[in-house]
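Let me begin by handing over the structure; questions about it come next.
By letter and in written order, the chains are A, B, C, D and E; residue numbering begins at 1 in each of them.
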Amino acid sequence: LSGCGGSSGGSGGSGTTVSSLKKAGKVVVGINGENPYSFIGKDGKPDGATIALDKAVYKKLGINTVEAKKVEWDALIPGLNSGQYDEVSAGMSILPDRCKKAAFSYPEITYETALLVPKGNPKNLHTMQDLKTKKVNLVTENGAIEQGYAKTMGIQTQTVGSPEEGLQAVENGQADVFALTAISLRTLVKTQKAEGKVEVTKAFTASVGGKLQIGAGAAVFRKSDKSLLAAYNKELKKIIDDPKQFNAVVGKYGFTEAERPQGKTTDTAYLCSGKLPDAK
Amino acid sequence: MPDLSSIAPSGVVSTLQDNWHNLLDGLRVTLELSVFGGALAFVVAVLLGLASISRFAVLRGISRVIVEFFRGTSLVVQLFFLAYVTPVAFGWGSHLLLFGIVALGLNYGAYGSEVVRGSLNAVPPGQWETTTALSMPWITKIRRIIWPQAWALMLPGLNNLMVMLVKGTAIAYFIGLYDLTYVSDELRKGGADMWTVYGIAFVIYYFAALAFSAVLRRLEVRAQRRLGIRPSKSRTTRATAEAVA
Amino acid sequence: MAKRAAVQNGAGTPRIVFEDVSKQFGKNIVLNELNFNVAKGERVTLIGPSGSGKTTILRLLMTLEELSGGYIYVDGDPLTHKKNDTGKRVAMKTKEVSAIRKRIGMVFQQFNLFPNMSVIENVTEAPIHVLGQSKDEAREKANRLLDQVGLGDKAEEHPTRLSGGQQQRVAIARALAMEPEILLLDEVTSALDPELVGDVLGVLRDIADTTDITMLLVTHEMQFARDVSHRVMMFDAGHIIEEAEPDAMFSDPQHERTKKFLQAIL
Amino acid sequence: MAKRAAVQNGAGTPRIVFEDVSKQFGKNIVLNELNFNVAKGERVTLIGPSGSGKTTILRLLMTLEELSGGYIYVDGDPLTHKKNDTGKRVAMKTKEVSAIRKRIGMVFQQFNLFPNMSVIENVTEAPIHVLGQSKDEAREKANRLLDQVGLGDKAEEHPTRLSGGQQQRVAIARALAMEPEILLLDEVTSALDPELVGDVLGVLRDIADTTDITMLLVTHEMQFARDVSHRVMMFDAGHIIEEAEPDAMFSDPQHERTKKFLQAIL
Amino acid sequence: MHASVTWDWSIAHQAFPDLLKAFLQVTLVVTVAASILSAILGLVWAIALRELPVVLSRLLGWLLGVIRMTPLPLQLLIVTYGIVTPRGWLAHLNGPDQLRHRLMIVGIVVFAVHYSTYMAESYRAGIESLPKGQWEAATALSLPTKRTWRAVIVPQALRATLPSLGNWAIAMFKDTPYLLAISLAEMVSEARRIGGENFSYTEAFTIAGLIFLVASYPTAILMRRLEKKLAY
């Protein structure tokens, strides 16, 4: 039998450590298949910004292969905890609820939200507030942060399991708008060659319940794998905190200095606490 | 790992050309689930079926509880439970293919045990009584007399269940096993012509089910010829419906 | 046909003892404190109207039904229940039951041959797997028995290919292959076409003549009963209402019920 | 029981004509170019050994079996096949067949009552849905018929609650409710317990006495055949080997085969 | 170390009403509607198989076999993305409720057709188990074909088949999670959503499993009783 999942570090009693990964010679990460964060490339190998970060970090740790297992967004953390892989590499944003269930690394990437709408933006949608007042059909990705926004704001949503399905829902009229991180949406439209039918609105920092939803994404580990996380953080911090290195690793995926975590967004513990600045 | 990103809408032939290795990978998982799941289901069915006619009330009770539990809770629920809950609860790590096989094996095994039980009970009482009259120990009685006769009666029902199991493997894609359904669905999401990719999967499933069914059918014919009987089709249909309910 | 002198009934340990045997199905009391003995080598025919409990008696002896009350002894050994030291009635262990059961064989109305085996396999199955005989030994003996029942040439045949009479003769051979001390026969000819009855009865007569096997039989073939049995017991509603040597019973029944029954049946 | 003078056989159009009728099942040729007529109001009994084709004849007439060759005419009308203008044998249309079939009724050995309907519904079903009678009309008539067969009080009963003899009498009433010109009766008493046969035959005698209905019957009740039928036809292997008035046939059979058959059966 | 067995009552409390709602609003509705529809369709197939000319009957039999022997999730995907979506039937709707209703209709139809092939088998067995004499008596009374089916065959076959139909309905009920394939929010899909939101599948899936058990087991027992009661 050939297993399709199975974490590389062995999921016996003692948990995954750098040395157990080294012994296996590889690390398996869970991804959602969201370009440009992490996805399966044309050659069948994992690719994307967070994968590039992983590769850089693990290389320093002496692990040369990064494999990916694609699952639905909402299954990323349950899959991690059930041992299907050892890390979630999906630019997952750091949220209090998630911090209770898993351990987030030093922030990798900040992001803003955008909306995917039919060409010409017929309903004239630009912010989360618009979605509420105009009563539109919103799609979000199941388990993604935008679903949480909608829920808090009392907007009904349909959910899909992958960005492609969100795009399709807008394309074939099943939905009016698909909310996701700005970079994801832009890349999605490009790779799916959907420019003729849809467009992506200007990115914004969502404001929900009077709070500005600043946020940063990070790699996610099992809470029990503390030493692995520490080792990972040590190497990751070096890249993130250095604009040049950051650009060298993720620049080609469309990430710029604007997406590099700085100040409050480099504080995992703060983001985990759920305290957010007030919206102006 | 499927390579699913570079598919342009195209005809059957070119879709096949571009993706045959993905489809083949998917088919392999589907067949592994079918063969190993079917084998496990058979073992479970026989064990639970025999336990259900045991002289020991405890064994009968245990078998009953197991059977009703797996029959009563949906296979999909069992699958999710195995894949996402048990690794956390028992710390035995994640082995998706194995979980798929186990879920199919236990669930269809529980169904099958009803067919096995029904067939054992359908062996005429006179046969049971004769084994007592000849003082046969329980094992001999079952192994030499009752089982060979029940075997011919249970095969048609097991055949029906096997076809259902082959189809049932498709749910493995819900837990992210890269089976045939997963692959074709990914291909569609990736932009391949939906009729083509689903059509190919559809045809493959159909012939896979036919093939499994044909193998069991041969066993069935052989077993029946040996006994000089012909089990009734209406009994089989009824028994199958009863088993899966 | 010469009937040997009846074995002295009551001398020595009786082969079979029914002591206060009761049997009920649900609320239907079929046997109520029934008592009788059968001597070694004795052949007893049970007669009586339908539902009087004849089959039930044989099935209790064969442990196909559970005893509701009382005791059955075979050669003095309790079969399924015994009195323990304090006089309480306790069930025997499965192993003990099965040891005693091996001394008893039964032939059913519906032959019940194993359809998954050839004729010879039917006959050798139990000797090999229960008595632990070697395959050769069992086959040799089976062939002798099949010859005896006139089916020496059908050994490899499939039972479903045989006529009812032939099947029943195989069933008799199968029971005899276990070398039982007691043979139970429950209307063994009543599922047969009339012209096939003769062969089966012939075989049984032969066995009666050449062996000392103790027989308990239920039959409606009164001439046959007369020829082979030492004693006839007339049952009604689970009770023995009359018993006698066959000649006496058939020519001069005492009880009203017996007279009526024999009139109807002869 | 007074048997009315046999209707003049052959005068006018015969009610039933079998012309070169052949029937085979697979390779088994059961009837081979059979020819006979039955006159209006005539009652004919078919006798013969098992497998001689008696049932097949009735079933062909009832269109329950497909004709392999030849023609059957009812009142001169072809039933399932006719010669067309060029003399070729062609099948009739379903509609035409059904129009003629309505003149024929049949009672089966196994009653075949509809278990999902009450007795009266069994009897009224066809009159309402085939003849288009109103429900009231059909029920009134059905009650009369049920009275006639002695079951006036069982109208609302469920057929499975009735004895075999009662069920068969309902089946007769059901057939008569269609007012058939021809009634086919295939061993209508042979599935019944002996004590129930009398009632059914009584009902049939009554019908024979009080109506002019043409009857074709297969029966082993020779006294009954003698009493009610005008003619007896003896079949063997699909051929009529002898026919005569019943008295003549039963007291002085000509053919060897008939003698042997009657000996065995009487 | 791995996380130990955790059962979070607060998640359970949140999950139960949502799951029950999804069960009542979607799972149950789909099951009941599809059961009724498939029982009707199955009967239609069974009758057609007997009444159609040989060639057509063979063709129909083959078609039913194909449907019966291919996976239901795949059929759901094909119908949804191959037939319904291209026709715009799921487009420009008034909110998620309407979408859910339409997806339910798709689900009901696909489930009904799929299971009707099983039910047709059961009907056929029921019809074949009727004594031949019933057909012959109907012919002897010149009952037209339609009336024979309606008044004689169907009522009796139905009686013989009803427990089987019920059993298939229970099987269908347990297959409703296949609707995950088309993202219809039935109970298991809801369990997944809740699990995803809370990053823990334990509570929601346990409750969903229990709801299945509580609903299907007594029904199955009922069917077994019915079977004994309906035997003539």
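Convention: a contact is a pair of C-beta atoms (placed from the backbone, for glycine too) under 8 Å apart; a residue touches a chain by one contact, two chains touch by 3 or more.
Everything numeric in this text was worked out from a predicted model, so none of it was measured.
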Intersection of contact partners for chain A and chain E: B
Among the chains, which has its CA centre at the largest distance from chain D's? A
Just the chain pair, please, that has the highest number of C-beta contacts. B-E
Please work out the Cα centroid separation of chain B and chain C, and write it as a whole number of Å. 47
Can you give the whole-Å distance between the Cα centres of chain C and chain E? 55
Using CA atom averages as chain centres, what separation in Å is found between chain A and chain B? 38
Touching two or more other chains in chain A are residues 11, 13, 75, 78, 81, 83, 165
Chain B: which residues touch two or more other chains? 84-85, 87-88, 91
Pairs of chains, among all present, that meet the touch criterion: A-B, A-E, B-C, B-E, D-E
In the complex with chain E, residue positions of chain D that touch it: 62-64, 98, 101-102, 104-106, 108, 110-117, 125-126, 129-130, 160, 171, 174-175, 178
Residue set of chain B touching chain A in the complex reads 1-6, 29, 32, 36, 83-88, 91-98, 101, 176-178, 189-191
Can you list the residues on chain E that touch chain D in the complex? 131, 133-134, 136-137, 139-144, 147, 151-152, 155-156, 159, 232
Complex interface listing, chain B residues touching chain E: 68-69, 71-78, 80-81, 84-85, 87-89, 91, 163, 166-171, 173-174, 181, 184-185, 188, 194-195, 198, 201-202, 205-206, 209-210, 213, 233-234, 236-238, 241-242, 244-245
Residues on chain E engaged by chain B in the complex (per definition of touch): 2-6, 66, 68-74, 77-78, 81-82, 118, 121-122, 124-126, 128-129, 163-168, 170-171, 174-178, 180-181, 188, 191-192, 195, 201-202, 205-206, 208-210, 212-213, 216-217, 219-220, 223-224, 227
